[in-house]
């Protein structure tokens, strides 16, 4: 087949999607033979920048590693700094952080579901889901003052309180979300054209998922019930009743189910937080120009897309000595490549989207003719670009 | 079938589209938008410029009593509200004005004047 | 007003380019086409191919890796064409100013016709920017 | 905590006390150990096969002055273990563990990009995150490459 | 009385020819966009004319006034010619469909008509796909080529069921002329109303089946969801159209709109009685009403489904659509024989 294989670069440019990546596919007819990722289009040098900024400034740069998991990154960062400071944050702040984290998960999962629908060409479903996602966006905007970069966690607690008189309204909004999510679960499970595109597509076995160190919903869709919130509880996840979701079939359909069911869990966690919000202050004071004692710490958070790790090393100044971030999507790339091998070209977008909408930049491709060793541009080769997690 | 039913339902209902910019809804309270500055309150400590993560605040004339005003570069600002949070006197604040689009870079710079407290004058933007 | 200007300002087809954004601006741009905000009211459609587009919506701080692509895509768009920079990153580099891998602003690479500050701007703010751009073009 | 101490004890015994330079348990579910660089592969294999640390979260590289620390974050359900080795600044070389942890390939490439650490035995040490036209030898996370110096080198201008 | 030459010119260029069809095509695009938007709980085009009704016009003018880029690698001649073909062919086909006679308010006749014009329409439909294939292929862009190939593959799958489904009414009418088929429908409707007869039930049922098969095939012909993989945006960025810009893209879009009208007109003429109806309204009004309904049906389907993968489309077509259409044609033969 050697001669008939040609290489496609799939780069990103998706309105609905975001992170840029470039994958080189070797394809044979309509099948994918091999995949090789090239990331870094989005590499901005965040880790270096963090070494040059104060702890308070870093709060906002870390939030912008990613606009979708922004709250997870901030939570992870503040936990690290608080551990080095030996600071215990108020209970109420912990509940508010959990609430934000779960609202973010709902927004992210719905976003993902919409993008997945768009990828299989189901724009109507995409529009419905994004319309209903506005409910959670409104809630986040009202709580934090911005729709995506909430800037809520700060070193020592959270920056804004939840007004008691708004709680009944929020609870009602959660009911709406729950009901709509039920509807979408039903659609995904019954619509023939959706099933045809998701069922059995992008399979990843449990063994491979573990071997390739997959994380997050992607791992749970392959039958491994692993979730940082349960395995290594932070904030108050050990006080709140909730379940880890996992499905065994390892395909895109399982990914859908895991995310939908997690949305239900998140709605319940949010309800619990709103109903059991302890009284008290929301933050302890950290001076905006403060220094952090020497030491190192690792902080783990379950972001919507899976395990997020931050590592900090401080040398006692007002700036971190080294800050390391690894966002979940990077961890999923080896597993993703495995999922793509042997599939159809037409399934590339949905499988890519399946691990995370972080990049569904799949619609732009550059073709490379390996026989003649020449690269020609597609129309587009506009391809773009981006890179990802790398945000940093 | 569920999908077909939903389509029917939506065909009967009014679209949920907001007719922005022809009909505007009030932004939620607490939205983080454009800055205001109260020149009489500012003590020129420069904290706001120091903590700003996006280097969006520039003190004119240096810190302390020399400070004659400030520039805020909206094109850099993250609307994080950290400046408001650190300001010891509440001289700088964010409003809920979010319609900031412009056609030229220069239009994104807010220039504020600082009035020493004795000469009380209305704030300027 | 002549008919061509009329047609042009009523039919701004967009192409969205992520030049190293944090995703937040991107999802807000996408949100602007969803039912709540529905950019199609203005005749705007989101297109995948630069050949079809009139307005390029750029988000993100323009990392070195995408600089050339950004230029190439811009060149592929047929005249007349417009560029809208969405978010602090695309305007000035925003929080990523002074990072070693960013260009600090789209206008360092290609000409920009409208700026939408914010981090990230609300979908309404994006609509506001698009409308201001159309007005300046003779809407 | 007890379990973490037991793990460190057995691990030290396996590797030999002279090869384990430091170990600490800063809090529940966190362990850091520093070992001799040439024992890396033995240590990783042992931890994976005997302690069930089957997940590699990431690899962090740190420029700590005269040496480069390479910190492997291995994990299992309730433990995140930082396994640290040191590589000399002049010629940083560490053994690759891609054959033990298949998922480590990208992380090793990343550390190579940003700090210039060579991973011996990595099948495909290509550039991962830096731009194609990035100059060879500029490893941005080395402390000697300050932001200004990087800018000067790649753009010929300063801030 | 208008002199015959003038009257033919009017027929070809103004009504019910060129200008009428074009405006109607744009109207249909607007209807379809508004309707889909409504189903999606949005408002769709709104500020261009009343409720955005001039939107397709604005799009077209804008595209015509835009810079037109021909990629270096493209085959320039074919690349430039194909948009014209994609636009002109469906227009030609519409001339074969009876809409309204100029001289008689209650009369209807196609601009051109002859025995066997149904076959010509079928043939034109295939040639349109062929032009699409060449359009994509000549752009020398991989996406374009993949899209072109998919379009051709799809045609292989739906062409036979489409042909068979369209022949059904022809067998009943015992004529391959669209005009005659319309007359037959008028006649049988009239007969049925004056003397109800059980035979009409199987005939009506069969026509309904034919209508469904035909609709499905036309969705594929029009590259509407769920059969839009030749221009799948998420996979191959508008497929075969990817390199087109400016005027050529404008022509392609107009061609698509005209195709939409052609498809609805075919459905109307073959299964819904064409430009005639139970109440005395001029035929053109009937025609417009019925085609608008068909446009709604087609756009509803495209809002309701997700895109099928090309292999799923092919498999499904051979496994279900083709056998179904063969069963259908056998039943038509039997019933028509009994009559």
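Chains: A, B, C, D and E, in written order; residue numbering restarts at 1 for each.
Criterion: a contact is a pair of C-beta atoms (placed from the backbone, for glycine too) under 8 Å apart; a residue touches a chain by one contact, two chains touch by 3 or more.
The structure displayed is predicted, hence computed values, not measured ones.
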Going from chain A to chain C via touching chains takes a minimum number of steps equal to 1
Measuring centre to centre with C-alpha atoms, which chain is farthest from chain A?
-> E
Look at all chain centres (mean of CA atoms) and spot the one farthest from the centre of chain D.
-> E
Based on C-beta pairs in contact, work out which chain pair has the most and send it over.
-> A-C
Round to the nearest whole Å and give the separation of the Cα centres of chain C and chain D.
-> 40
What is the distance, in whole Å, between the centres of chain A and chain B, each centre taken as the mean of its C-alpha atoms?
-> 29
Distance between the CA centroids of chain D and chain E (whole Å) is 63
Chain A and chain D, separation of their C-alpha mean positions in angstrom | 24
Provide the list of chain A residues touching at least two other chains, using ranges where the numbers run on.
-> 14, 40, 43, 45, 48-49, 52, 60-61, 64, 124-125, 127-128, 131, 141, 146, 149, 191, 363-364, 379-380, 387
Would you give the residues of chain C that are in contact with at least 2 other chains, written as numbers and ranges?
-> 34-36, 38, 41, 48-49, 51, 63, 65, 76, 94-95, 98-101, 119, 122
Give me the residues of chain B that touch two or more other chains.
-> 3, 7, 10, 15-17, 53-54, 78-80
Interchain contacts, given as pairs of chains that touch | A-B, A-C, A-D, A-E, B-C, B-E, C-D, C-E
Using the touch definition up top, name the residues of chain B that touch chain E in the complex.
-> 3-4, 7, 10-11, 13, 15-17
Residues of chain D touching chain C in the complex | 130-134, 140, 147, 150-151, 154, 159
Under the touch definition given earlier, write down the residues of chain C that touch chain B in their complex.
-> 35-38, 41, 88, 91-95, 97-98, 107, 113-119, 121-122, 124-125, 127-129, 131-133, 136
Counting only contacts in the complex, chain A reaches chain C at residues 12-20, 40-46, 48-49, 52, 60-61, 64-68, 70, 111, 126-128, 130-131, 134, 137, 141, 146-149, 358, 361, 363-364, 377, 379-387, 391
Listed in rising order, chain B residues that touch chain A in their complex are 1-3, 6-7, 10, 16, 28-32, 47, 50-54, 78-82, 85-86
